[in-house]
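For clarity, chains are labelled A, B, C and D in written order, and residue numbers in each chain start from 1.
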């Protein structure tokens, strides 16, 4: 990330960081690597892409430094695409959504609620680029002949990046949306300052995080994967692993109020119906709570969950054959969701790096070593050889 | 019904009308018999029991005349049981509910909403007897070893009968609830002054109504059955077959405001999931609207729908195999629901007979011949040999 | 409209019809002028603008004829702006929304639901232009210094015009959105083929309609105004004034299924809180039902209501003083809403004129004289000197 | 509580513990007394009764020991009444509710949701006594001339006590409901094994808990009070003060699954409208999450919040004058709610004492000293002279 930072301080080059960051994702420590304890067992990637078929792509836009000139920059924004069955599939997935605090936007949810289906990708961007991303998804689908019906109702969510980014400059363009979609892939997912890059979480630099849980075989062996764009929470509220670390990290506090937002996407391969996914997605709130959030008034805490099971569900007429997991077997999925959300948020913060944006606003990364010291003070640090 | 009326005027005998009224259901004219036009094709019984497996039982309590003495009477109340798969089945059904105007009670809906399932019967009674009916359903299930879990959350709904009935006398007892359940059966369903008998609808005597629609084969051949306890609507609002008949029926108006309530139960054998049943049940509002209701502030207009398909859905663990009708194939079901609700309400009014209750309050039956004359004036009467 | 039709058949000129159509609105007959009976008393304009402060602006885009070339046309689309307190006010209004059938989009509803407030205008356009309209509203607000907070969550709704319009050509541009906002005004509201002009309603040419009701003084003297973009309903379902006219209008049927959409905006000056507006907006369903709709699967039937009372409600901190109408006084508002919605839809159809769009698709206007003949047959025509 | 335990082991005396337990509430240590750290500042009583006007009454039924004989006992149940403005007031309060996991019952919520008002008390009892409590509330109100309308829709909630109590014996009678109402009072609130006494929480003996928060003056000085009937959560999930204490308390585990239920009542004197109370009540989920719950499938986690402000709101007609707190000023209330819920649950467990019920089932109280040792191990124990 050093190179990127140089770009920030020296030039106004529009930089799409996708490929480089995939590489970086392998080498940067994640929350577990630092010895932070979490409950449950993650999948191999500890990422939403542990759910088979799910693809993720980011377009990250970083250019300019110094004083804000609306329309020119500095630019610290972007867009992330999550595609449930991969970018070549037309098949819908069962889905459901929930707003813990709806000071935000997620388009397309009215039809998700009504039909039980999500069709096409989920996009996450900044607040003022939801529209361009939405229409661009339609254009991309038209271009790729992925319009089973003549109209589409894309799902696009947002958090606000205007403390670091020239948000009123509308820098996200259709081609950036296309790029996020075209480059979406399975495998490791870049975290931190990617996609809508200018995010702030619990008073530190935030951004994209991901995590997953793999259930044991007696619970069905299902996978729950989570991806979030983390821009929420106050510093003083921050708990990690149950420890009120925010109260002991008092330097460079940006804001005290819980005024940001968080978009959370939950994927699973468990065969859940829409009303069961609604149950699952409601548990995201409890993951946020574990890290100390109370979902402040200014926060757009909006969540969506989907299941990649039942690929044949979305028949256009007649009767489809489905699988449904018993309600009585959902507890392990509830736990997995809460746990993975908790870890996702911490992963986002651990991966994020200090960023300077408009008017030299500076969002510092959470200091890893200080965090470890505080956890150790509360006997909550796992001593490992991986930690840096 | 003449005999019943005699009972009313001569004695205080507690009379359970169930059996006699099943017989009467065959001989009294229903709305269609009078030449009132409705859209769509009903099932053989034109009743909720056209949906295979559904059983209905009523307990009707009529005793006393004259001045109200709380706790003594006069009594004009009762209870109705609708059992989705029949009274010997433990199998749950997918279900969903909707409140158009929630000035009323339907217990058990929180678990219906959460789980997607309805377990056990739906009971309808008067407002102040919901509690006794609810606990009695548990007692009945315990007695019959129908407790797959050690607790139960019965569905009991109500409309208010206190203009005719000693509502604060709490005359419904557990044995009346047991009787409605024990006597539930398939076949024709008694309408009018049965079950919670003291109801008033659009300013005339109301009560229980039922109707059904049978889809054609290309729409899947499914059946939609409706049963309602009709206690809602103002006289002036009343439309029948699109004709504003209420404005031309100005005698003996009880009340102008739309202050009563209506409980509607929709049954279908179409394989709908809970979120699809939610779509269906929302259409009940549109059936009420066809008869002129605007769902007044005082009205408890609460609806529940269930599907008898997928008998194996409610497994207690693991994965169940299901059928699901495509959303794109639901339009015929939507039409059927709206149509059957419209006819159900008119059936309730046509079947109801003039009743005198507490303090000699008198609710007159809608005058059949006047209704026919008005419909004829608007060219909306079907001339048939059946009409009386 | 003759001139416009010439344009359609002869050229590819981009024509903004706003001003001319305001003039036309005065001279074209409306539903009442034809002798169609409606319940209730309208305000002076029989339009949403009878609610003081409400402003409406349309941008209508019509160009090209003949075969579809995506990106070139023919173009039959546009955008409508409804501004609750007028375009110079920052003050929020209490609001609530409801989806009868959510096969559509209305952005911004998550924050309306959470906060109880609507901030800024409501825009209505075609399905594939929701995004551009949304971001353009932000740009317009930024330009006019109307951003009390640094972010905004605009409300933009849609219906699909792709049977007449080059919907995948994305012809609505930010300047068209600005124009609708800049030209918004009080006074008469153009109806029919304006705004998102390529709409079809109950199998005839549809579009924008409006109506209002004025309550009598004992009900508070409040006004309810309605505006809708009507693109819903099947021909056979169409009822007008309770008469099943659709069954008797069998020429040039476009489609039988209830697959379109309708966006309805309800304005009132009654002091309703958000939860009371939710009650009001749910009644819109009942207005649709009166015209025969069953809210088909493909229909985006999405409604929003706001109150212009309580201008001081949206304080940014501390305690605001409010008025609230008693729930017990809402019945007249419920009736007014149902009645005004019913008339709005008929107004849209009566005002709309036959349109030829892409690939020479032709949507015919409902034939006024035939409609009158059918209503007369059912004794439901008011004989007046106004009718044509 | 020693005396009570003797009763349990020696006799079958029906014992109403109300008065004695009010006394005991003063002398038993509460969670804070043990040195458990919580965030925020409680009111003087650290109880829901810190909100002025709120009254609480319990009826506790304990009799019999040994083997279950349905209808005879052993009995370990009861009922709790929470009366928003005290038992002599007819005035309604603004209210809202939320189901985090709806495997439970709270009657009356449909009208709360519709009207925005709660009328009368909130009752909490066992699952199989909801009905008797509901109808008894009506009878009590009729008796006391507290029926502003001729019907009532009481709010009654439940959790299941059948592991300790003869739940199918229906031991709660109307007189027990009357007693809870008649004895309701302000002041300290008895916690632990009172009201529906047979509850189990996170694998230990549970029951009633309460707590409150007092906002500082710049946040308005408002009070948030919470009362809960705690019967939820698994042992292994239990976190206290962020420490995963459940994993280290492995003796006498009753059940691992999160299968119980919790009813939470939130009271405040802040002038919140119904839609704002809905925001508040949704935060209860986050308090549960802090103690480790994931809201298991079998759990009825149902919450209701009310505001005692605006005593004149519930006018029966016309326009009422109201106060409304700005949305932007709600964050302190959100924090207070989450904090008070967290403490309430721990208070319930700390106050509860080991109970032996049907078939000698034994629910042990959480061991205070072990808990303190574990918290100390994680540097989360406040060393005070109060702790025992």
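Worth a mention:
The definition used in the following text is that a residue touches a chain if its C-beta (ideal position, glycine included) is under 8 Å from a C-beta of that chain, and two chains touch if they have at least 3 such contacts.
Keep in mind that this is a model prediction, so the values were computed, not measured.
The chains touching chain C as well as chain D are A, B. In terms of the distance between Cα centroids, chain A is separated most widely from B.
Each chain gets one centre point, the mean of its Cα atoms, and the points for chain A and chain B are 48 Å apart. Centroids of chain A and chain C (each the mean of its C-alpha atoms) stand 37 Å apart. In chain A, the residues that reach two or more other chains under the touch definition are 101, 114-115, 279, 327-328.
Those residues of chain B lying in contact with chain C across their complex are 39, 100-101, 237, 239, 241-244, 257-258, 279, 282-283, 285-290, 293-298, 327-328, 330-331, 334-335, 337-338, 377-380. Residues 70, 99, 101-111, 113-115, 127-136, 138-139, 142, 150-153, 156, 160, 162, 167-168, 170, 300, 302 of chain D are the ones that touch chain B when the two sit in their complex. If you check the complex, the residues on chain C that touch chain D are 114-117, 220, 271, 273-276, 279, 313-329.
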